[in-house]
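Notes follow the structure.
Just so it is clear, A, B, C, D, E and F label the chains in written order, and each chain counts residues from 1 on its own.
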Amino acid sequence: MTRMDALPPELPPVLVRDAVRMALAEDLGRAGDITTLATIPPGARARAVMAARKAGTIAGLPLAAAAFAEMDPALHFQPRVADGTHVAPGAVLAVVEGPARALLAAERVALNYLGRLSGVATATAELAARIAHTRARVTCTRKTTPGLRAVEKYAVRCGGGSNHRYGLDDAILIKDNHIAVCGGVASAIARARAFAGHLVRVEVEVDTLDQLAEALDARPDVVLLDNMPPDTLRQAVAMTAGRVILEASGGVGPDTIVAIAETGVDYISSGWITHSAPVLDIGLDIAID
Amino acid sequence: MTRMDALPPELPPVLVRDAVRMALAEDLGRAGDITTLATIPPGARARAVMAARKAGTIAGLPLAAAAFAEMDPALHFQPRVADGTHVAPGAVLAVVEGPARALLAAERVALNYLGRLSGVATATAELAARIAHTRARVTCTRKTTPGLRAVEKYAVRCGGGSNHRYGLDDAILIKDNHIAVCGGVASAIARARAFAGHLVRVEVEVDTLDQLAEALDARPDVVLLDNMPPDTLRQAVAMTAGRVILEASGGVGPDTIVAIAETGVDYISSGWITHSAPVLDIGLDIAID
Amino acid sequence: MTRMDALPPELPPVLVRDAVRMALAEDLGRAGDITTLATIPPGARARAVMAARKAGTIAGLPLAAAAFAEMDPALHFQPRVADGTHVAPGAVLAVVEGPARALLAAERVALNYLGRLSGVATATAELAARIAHTRARVTCTRKTTPGLRAVEKYAVRCGGGSNHRYGLDDAILIKDNHIAVCGGVASAIARARAFAGHLVRVEVEVDTLDQLAEALDARPDVVLLDNMPPDTLRQAVAMTAGRVILEASGGVGPDTIVAIAETGVDYISSGWITHSAPVLDIGLDIAID
Amino acid sequence: MTRMDALPPELPPVLVRDAVRMALAEDLGRAGDITTLATIPPGARARAVMAARKAGTIAGLPLAAAAFAEMDPALHFQPRVADGTHVAPGAVLAVVEGPARALLAAERVALNYLGRLSGVATATAELAARIAHTRARVTCTRKTTPGLRAVEKYAVRCGGGSNHRYGLDDAILIKDNHIAVCGGVASAIARARAFAGHLVRVEVEVDTLDQLAEALDARPDVVLLDNMPPDTLRQAVAMTAGRVILEASGGVGPDTIVAIAETGVDYISSGWITHSAPVLDIGLDIAID
Amino acid sequence: MTRMDALPPELPPVLVRDAVRMALAEDLGRAGDITTLATIPPGARARAVMAARKAGTIAGLPLAAAAFAEMDPALHFQPRVADGTHVAPGAVLAVVEGPARALLAAERVALNYLGRLSGVATATAELAARIAHTRARVTCTRKTTPGLRAVEKYAVRCGGGSNHRYGLDDAILIKDNHIAVCGGVASAIARARAFAGHLVRVEVEVDTLDQLAEALDARPDVVLLDNMPPDTLRQAVAMTAGRVILEASGGVGPDTIVAIAETGVDYISSGWITHSAPVLDIGLDIAID
Amino acid sequence: MTRMDALPPELPPVLVRDAVRMALAEDLGRAGDITTLATIPPGARARAVMAARKAGTIAGLPLAAAAFAEMDPALHFQPRVADGTHVAPGAVLAVVEGPARALLAAERVALNYLGRLSGVATATAELAARIAHTRARVTCTRKTTPGLRAVEKYAVRCGGGSNHRYGLDDAILIKDNHIAVCGGVASAIARARAFAGHLVRVEVEVDTLDQLAEALDARPDVVLLDNMPPDTLRQAVAMTAGRVILEASGGVGPDTIVAIAETGVDYISSGWITHSAPVLDIGLDIAID
């Protein structure tokens, strides 16, 4: 079984609904879409076509669908592609039909989610494409937008990336400060193992090959090789010999990722794909009857 | 009185507190910072220095302060600069001291807010600096991150920008669809005036100088000149002769903003400063006793 | 185009739903409608007629509808009039049919919203009717019931009034304390203009014609003439000569509003219509099968 | 022990805090008090005196105090009277000192609660004063403002009234529809007793003396005599002979309550004191350093 | 009319929905059911049979139904028994059909509610069955699980028990500390009567027959006889002679309840039925197409 | 490093605060502690001693502390033991001093959390003590009380147990239905690995040694041996030879756990410790000045 067989990612519908309600409330404020209330009669109907204006990988269509449905269940949203699809400029993503007032009022929330998440997916896909010839996979970090972690992690999966831990609570990641307090890598890993349940993975960050050697003896699940140049990474891969999963981080970008991936590491983590990916430009053309 | 006299922007503390609690809950999940719980004794104390790794304009220090205070009121946060300050690489932004466990657990939330908002402020300041010799000001849009509108709008002000409306409810912005349903610019503005209270401004978006002429007769507060080349903008400024505020939008970026600003428009709106500004790289160096 | 052409007011459905859920939870407490649970079998069905017991202007039918629908989607609510209608005593407002238990449990929430909002609409309509021969419109204030601002503002529109700002954040209203700190009306307006975005209106409150003169030079959007006798208001209207919108406030009531309106001011604001309007008496007659 | 010995009413502080936060969020919106941010420097301090402009009975000072404290704990609120006090026009109710920005931003929320609740307390006290020579006490209903039930019930106590049930869940109140379905008063009371726990009182509403007779045999805790003229009420009191508590309702107002109270009933319920009491006019005079 | 005629208990649907959403959010976390997402295709459908593995009294089917419906309205839940039914081992309680992913994701929440509440109902029914030959009824306490009071009280009713007060606010229960401060039972009851509305019952806890005598003179609604041996309880019943309701508490369990009930008290309260009842073992067998 | 060196468990304070507020709101309802308001003067002060009435392992003191602090910050809570301590009957757990009204109002919430969580900790400690001579550790399940998962998991750690996954989202647990759809253990594990990030552990449940053999080839992190008798478990341990972690489940109780543990498995999971552990009896003796 290859990666390609993996099922498409999916967001739990209850999370989608809560996210969309929060965003609609933020945009509607206390008085709602006063421009539309002033100019569009209650009975007017509209049809809108959502299309990508640039090439990219789509993520967030269920959020867009929910934005319209929460605003008014009478709005009919038909997706034309699935999340995770790479589309060309001009590709139609969805068609929405129904009451014009509700469609106009939900438009921006739908586009804000879709544009941002497609931006994350597109950035992830761009990195993933460059290293498709290696064993390495792109993974994310906790450097996400406050409040959007679950949906940004989902967008990373849509872009072909793999998810790092979701929060402080679902995996152990031992960093320099933890090591310093514990008096060494081995001691820190031992404390982590003593504390964590058997369904919690333990990762340890190391800066040098000496630390890596110490870490390997203590048997973490994953070692994070921080800011090592490709040559050092290659030595690390050799030293490790498959005993633990290796993740590389630091200075990861479109220009550097190939050299990192070709060292043989398993995962390459990038904060850039969530904290700095530009939005994918998506438009909504509306016709009102 | 000049712009320089304007008081510094400020976020209502109750909004800051709610934002930070949401983000802490998201990161702590159900079990909290298990790595720190496993490795750092309850009594340990720490001192951390927050510093910019790149040059930029800072925004979000009150959110960072609140992240630490909400996690543990015993954490002492001392800002060394104020929001809105342009800093050089290496500049110390704040020092935090107190219980090590709480400091480590709140670190990422503090940095995620501070990095993102400083990114928005830096992008805004960059555009603003380029057009400082003109009458034009940079302004934002509703193309913000779901859930972060208030804080991103604040970051725009920290970067020297001016705020556009906050939601669908606090100003009228008549666009093509509204005009089409009303049968023309004049009719749409009349309906808006009839609907809106006297403390609501009315803006209308026009694509052509003919539409502008029609709009001027109907006396909106603001006209949005969408996607017009500089020459057309210049004609629009001449036609308007100061009767309404003019805002230009479309294709706004570091390379194009000067030409737009030099046409004499009053505001230039950019979605890019909120939806696509890269994060400002800010680090936290921690020493634990 | 006249005022009469304005579209009917509408509350965003998501706000309606949240308001109604809060009120139902408040009334149901922890155990629900124990009287009904004790006496009405689960399968019983009921039909109820909602009628006005006094003449008045109706506001709040969408909230009443939502109260029943949120309690049980099987309840069928048919409005017989629209919000904003002036009705005679005995007029049927709506008919509700469906499960008797749910109908009885939601009755009080529906009536509490409908009675209060119709009270606000009726008070507003009463003032509006008295000044229909003038250019002046009735407008509201921020003296609303905590938690009900959006729906009370909506009721004001149903009564033919116009809305003042919704909160501290959507318009500038400079009062005596702000002026005192800034050292004068002109300085305060200048600071406001420097701070506020171009989609924010600026209103300034003045007590004397001297202050009005100073204000007019500083070009606010609106001047609030506070507690001026009709003669002074008339002078203010003459001095202003249409350059800004004029709002009068202070001592506004059914007995005084005509004299104020006939001075030529544009808006007359009344806290009374929201903070002290008596409820409109509305009853629900229920028949259970 | 007489009624006078009863301890003063008190709102649970956690409820006060939640109520005030909701109201502040409603007023601050997404951008906060932009007028104050534009005109008052961050460091300015203010002193405010809160005074009644009309005579009345005060209720809500803890909510006013909390409004200022939640906005900024540095605001110092000193009440000068206690809730439940009847004050003369001009009476100072409280003094507030501290940061000017926070004081101005919280002012309206504090006054909206205090004015409305003092209005309820004043209306209640007015009715109570008229019947002080009788055994009857004024009590309230569920005809309260959505979201404010707990605080309005508290205001009724401040005005010397007694509280009816708080919701559908804390007492049984059998009305005509329940009786009709059960086939009679006795059967309805029996079902209620079979359903309700032993800490739940059972009240039944009757329209005639025949129904009263039937009810008395079934031993409810309270009988509600609905819309009976004084003579009939007097007969009902005689028939009952102290076996159950008697509550009168219908047409209760300042002009009618004395005649009702002198019939010898125990409680007289009024919806007017919560749904239609005008606000008590209270002002806040602020001086900023 | 006997107790048997009482209508079946029912939870307000709005409370059910809120409870279930909270529990689903708790279980789904930030990423949802990742096992199911990884292994079950989106289109798969499933059929599940919910059955009791042990004999017991069922409570919570509406919560189970809502758990599936909130996860996905396409899940069809058919209850085969009603809450309050005593079932034998193996009894089918419900059948669920629909999308496999949603069914698997909601399974644990449905079972956690159903198992716990059926455990409470079963424990209650066990005590109730032992004293069915007496006039006494089993009642509960406020010793419930934080957050589950309403649903646990409902389960007590499903088990044939009667509910004690729901919170600190819906009935008066005077205990030793209150009596001590007031200077005696009579004074405490007088203060309670002076404070509480006429729809609030007053119960007083006594430890001795002397205190009971003092209490009876003061006419509470209920007296709680705490930790009295059967002989003393019998004397208390004789002394009381039906003037007030008598509740016994302390040392209540399957082995002691008969002797307590046969003394003639009206209610016997047990914390054990809510705080220590073991779960009823209920399983869900799922077949996926 | 041994298990004994593990740091004590700790709940994130922000989670504690939210949990306690919810529980206080549930108990205070709309009117607060009316008994106390009626009988205890506002200025009264109290001192309370919290003591165990039975032997057990304590968990939940931070929640008890927070219950008092949230009710009134003036309440001073001094713990006398730490969570995780095994205490004898009569052991003093904490002393609380401060305003009597607040102390009485918060008492039940504090005790409900403390009793329930100490019950979970005591049950866990009981199982753990029996198998202390083996390598096996007690672990929990997702069979927790809705809404209390985080705190019950914490109580398990206080009792010396280890935590299983917290929700559906933080680890993969492949069960029979997932295997059936995937067509086998190996295929299911492969799909899980393809889907899950590198910080997610994968556990698979097997019923037979044949399935175990298939599973071992597919290299999960953990294998759950469901309902196997001790002899089969012993064979499973031998077959596995330390290649994966082995967890046993099914029929786990005080009587059976020793035989299971002595087979050499690593973890033994028990739903009983969270869903059916009786409360630990803890009392609060209060003296009011």
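The rule is short, and it goes like this: contacts are C-beta pairs under 8 Å (C-beta built on N, C-alpha and C of every residue); 3 or more make two chains touch, one makes a residue touch a chain.
Please read these numbers as outputs of a predicted model, since none were measured by experiment.
Common neighbours of subunit C and subunit E (chains touching each): A, B, D, F. Chain centres here are means of the Cα atoms, and by that rule the chain farthest away from subunit C is F. Compared on C-beta pairs in contact, B-E and B-F come out with B-F as the pair having more. Each chain's centre was taken as the mean of its CA atoms, and the one lying most distant from subunit E is B.
Distance from the subunit A centre to the subunit C centre is 44 Å, each centre being the mean of its Cα atoms.
Rounded to whole angstrom units, the spacing between the C-alpha centres of subunit E and subunit F is 23.
In whole angstrom, the spacing between the mean C-alpha positions of subunit C and subunit F is 52. Across the assembly, subunit A contributes 6-7, 26, 28-33, 37-41, 105, 149, 163, 166-167, 169-170, 173, 191, 194-195, 200 as residues in contact with two or more other chains.
With chains as nodes and touching pairs as edges, the resulting graph is complete, every pair of chains being joined.
Here subunit A touches subunit E in the complex through residues 6-15, 18, 149-150, 153, 163, 166-167, 170, going by the rule given at the top. Subunit F makes touch with subunit D in their complex at residues 21, 24-25, 28-33, 37-42, 70-72, 101, 105. On the side of subunit A, the complex with subunit B involves touching residues 19, 22-23, 26-41, 44, 46, 100, 104-105, 108-109, 111-113, 115-116, 119, 142-149, 166-170, 172-175, 177-178, 180-182, 188, 191-192, 194-196, 200, 271-272, 275-276, 278-279, 286, 288. Of all residues in subunit A, those touching subunit F in their complex are 1-3, 5-7, 139, 162-166, 169-171, 173, 187, 190-191, 194-195, 197-201, 203, 221-222, 245, 247, 266-267. Subunit E contributes residues 26, 29-30 to its touches with subunit B in the complex.
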